[in-house]
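Here it is, the structure, as structure tokens.
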Amino acid sequence: MARITMREAISNALWEEMERDERVFIQGEEVGVWGGTYAVTKGFYDHFGEKRVRDTPIAETAIVGSAIGAAMTGMRPVAELMTINFAFVAMDHIVNEAAKLRYMFGGQFTLPLVIRAVSGGGRQLAATHSQTPDAIFAHFPGLVVVSPGTPADAKGLLKSAIRSDDPVLFIENATLYQTRGEVPDDPEHLEPLGKSKVQREGDDVTIVAYSKMVQSALKAADMLSEDGIEAEVVDLRSLRPLDMDPVIESFKRTNRAVIAEEGWRSYGVGSEVSSRIYELAFDYVDAPVKRVAQAEVPLPYNSELEQLALPKTEDIYRAAKEVLYG
Amino acid sequence: MAELITMPKLGFDMAEGTLVRWVKVVGDEVNKGDVIAEIETDKATVEVESSVSGVMVKLVVDEGTTLPVNAPIAVVAQKGEEPSEEELKALVGEEGGEKSKKKAKKEEKPAKKGQESKKEEEPEAKEEEADITPAGGVRSSPLARRMAEDHDIPLQKIDGSGPRGRIVKKDIEEFLEKGPEPEVSKSERQVSLPAFAMGEIPEDQVVEMSRLRQAIGRRMQDSNQNFPHFYITRAFKTGALLKLRKELNELLPEEDKLSVNDFIIKAVALALRQYPNLNAVIEDEKHIRRFGHVNIGVAVAVEGGLLTIVSKDADQKPLRLIAREIREMAGRARDGKVKNEDIEGSTFSISNLGMFGVDNFAAIINPPEAGILAVSTAQDVPMVVNGEVVVGSQMKATLSADHRVTDGAEAAEFMRVLADYLEEPKRLLL
Amino acid sequence: MEKKDALTLFQQMVIIRLLEESAAELYQQGKIGGFLHLYIGQEAVCTGIGSVRQPQDRIITSYRDHGWAISAGLDPKVVMAELLGKVDGCSKGKGGSMHMADVDKNFWGGHAIVGAHLPLASGLALGDVYQGNDDAITICMFGEGATNIGFFHEALNISKVWNLPVLWVCENNKYGMGTVVERASAVSEIRQKAEGYGIANERIEGMDVVDVREHVSRILEKIRKNGGPYLLEIMTYRYRGHSMGDPERYRDKEEVKKWEEQDPIGKFRNYILEQEIATEEELKEKEKEAEKIIKEAVEFAESSPNPAQETLFEDIYVEDFPVEYRGYTLEHESEER
């Protein structure tokens, strides 16, 4: 066990998987010589060389498209999108090609590729560099979409994603890179794709979250605990496939839920999770499910305004109190 | 072999096309690939080529005709071949023909159940934005509802602490903590048990049906199977009626005392005057006979079956006369001394099971009448007045009507008019 | 040219022609749905290139792919079955006309989004370079219309930057759907665009299969020796519309007729006869065989069954994830728990 940052956890996972399998290679903007704009691939270029750590032009369709093509030949590329905001340039290749080629050709090949992308706002990068459009990608069958909320999950999920024969969109969060957590040293420690996880147990209210909002939810749970309320925090980890079992199991005990996401509320992750709660556990509902999300605005540059728009720990705390009628 | 040319599918969402111009006509030589016609789709005008060579022998449709994809448009025969008219017809007829769009015949049956409030006392529904009181008048979370059901607690007994009075889990929990569950009141009805003796089990018994029973059986079977019955139920507030009856009976001698059924007979007769289709009979395939008289038949139980005694011109007679006559005829019927004129001439019937505690039932029409009203017990029930739940007297009646002479709307209106008479019974005295 | 090879090439082009005509009829009968893009008139290109590529060379093309499927070595039966959406189709009925493929024959489809397969082609070549398959060339076909979309730019650029062995083949049939190339492209000589990326390029005529073979062989050898991408613009023409239902208002009949005089099959037939490589009878026999092959392909396709309902959920993921079925999972029915 080691207490390391999420950045280190992701970096370690990449390094170990590249050592383990020659077919794994990285490509993206500034991943090589620069060492990655978030320093995730620092040191990789010197160690693995330019064949396996490939700097690309600023050309997202080429980055993602050629990764898909290489995957078709049996390689296991990890393509990096500097931020998920640039994914829209390569939208066709993510949702039309990566998600569908295997199906359309009757399963003649697999696409064992990973697309890593950084999501989220809060760093005054203004509207087009601060989005959390994760739910959009989770809409498409054929894609696997995961987003870890803890360093241990980041390492375990990224390893699973690289070893998976399915195309995985691995969504990281820039403000989470600094978060520290206990991470197993074992290079064979994997976390399963498509499975949620209870990060904190409690019987009074269920808080469902993923990525950065897991950390916010845990802090909110501490605040609630001071009020004598024990919250259960369920970390989705995977947006597609979506694992509702731990959520429902928790909800049956608590009868009330808050869903927290950094993206916008409309058509977001909370819409899907709350819908499923009503479908699967209607008789256990004691209060309407509350969704904590970003204000429905493009994120502004000014830091106060930006913080006002983003969902916070206090929002989760208050929403939990509301569903408890307290 | 003559070949059939059909309307081609020229686009992935094309369903039909219009043949705008014939390029080849009957007698023309056709080579494979020659343009034979121009077709207009909703996207463009396209040329249709022949897939065979030969001679054009039949143009199936005229220019300007719109056809669905795959419908036949022409026949090309081999050179020298001369198919007969029958062969051509067969070729065209077998493999296509326009698919006729059958429009579903909609029968207009807007069953207007008596929801209209025409009474001054009926409350106006107050509708605030998103504050419509849910069914039953109680707001509760699904969980609370389930808990209440599990513990047999009527939700009305619980105060909801949630928004807008919503009953939530903790309200149920608090209620349960407070005290023991209330005892369920025992039924007041004395049930007398029949004599019981364990002993010999008797043999099956074959009993001959009375001729009356047999006749009733035949008629009811005929009616139920052959005439298109439909049914409309309405609940009548009987508070005023019972009160008036009580008052009037204090003034009347024994032989004229009024029963609830007498009021009903009069009310039905008056209502039938306004809806003569229900007081009618089928004359032939195209005609009904609306009777001039309104003679109300009343079913009376006698030994071996039922008899229908008839209150003639019930719309004209005062209540006391109706009551007296019914009393006398019923007496004769039970004694087996019924006269012919007692049981003849009914134009509409009533069957009343009110003395048996029946909630509601539907009767089979006495042929050849057009309708029958089945009257059930007047009971005290909870009802909503001015938004409050109160106890009131209510009686349900179901009209069975023959759909050949009337329809739902008319029958429902008849019931409404009947309600006017029964719920404001003073009208029956005028 | 050897008689055997000539007859094989000739028959292949006839097979493709008959397959396309057959497909057109089936489409008009409503048996093929969706879009159908016919290759009629362009046969010399796919047959020419298909016959000179090596087994390790990868073929990837756009949605006008039936000819490429045949020249890559797919049986007309599985092509026809795929057109009819049957389970015996090369893509199990899940892809249709625009998504034929057979990766065992190094034929990577069949792609519907204009130009989107070009970055994939760069990726195929990248995969070969990465694995050290020094001999392999990715041959990527696209129409002149696709050279105006962003994918073209990114794919060509990266192929040059990374020195990827891709033969970029532009099948210039003059019309991007209904828009003539002069109205859509800044330069009408597509090969000029390669100059912008420093990619070697040339333009050839594509109605003569002998010419196509000669030029493409030469170019493939060059790439194998020197590496790097190359752009080959081949002038060709489609005799039918962009797809079924195209009213072809954008060109006049005379132009089509003129190009039909250059029918590649007719051209090659004359060549064979003039060069006395084979006789009229031998050619006729090959034609008859081709008719039989297509007839059998149609019969095969029509009698092949529809895919079973369960296949709707197959091949979405390799891993055994629960698959959503109209809002309910197949594994746990959406009963309330």
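By letter and in written order, the chains are A, B and C; residue numbering begins at 1 in each of them.
In this text, a contact is a pair of C-beta atoms (placed from the backbone, for glycine too) under 8 Å apart; a residue touches a chain by one contact, two chains touch by 3 or more.
Bear in mind that the values here come from a model prediction, so they are computed numbers and not experimental data.
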| item | value |
| --- | --- |
| Comparison of A-B and B-C (more C-beta pairs in contact) | B-C |
| Innermost chain, where centres are averages of C-alpha coordinates | A |
| Length of the line joining the C-alpha centres of chain A and chain C, rounded to whole Å | 39 |
| Between chain B and chain C, centroid-to-centroid distance (C-alpha), Å | 64 |
| For chain A paired with chain B, centre-to-centre distance based on mean C-alpha positions, whole Å | 57 |
| Multi-chain contact residues (two or more partners), chain A | 282-283 |
| Touching residues on chain B, where the partner in the complex is chain A | 141-144, 146, 161-162, 168-170 |
| Touching residues on chain C, where the partner in the complex is chain B | 25, 27-30, 33-35, 244-245, 247, 249 |
| Touch list for chain A against partner chain C, complex | 25, 51, 54, 56-57, 59-62, 64-75, 92-93, 96-97, 101-110, 141-142, 144, 164-166, 193-194, 241, 248, 252, 279-283 |
| Residue numbers on chain B that touch chain C, as the complex places them | 6, 8-12, 14, 41, 43-46, 51, 69-70 |
| Partner chain B, residues of chain A touching it in the complex | 255, 282-287, 325 |
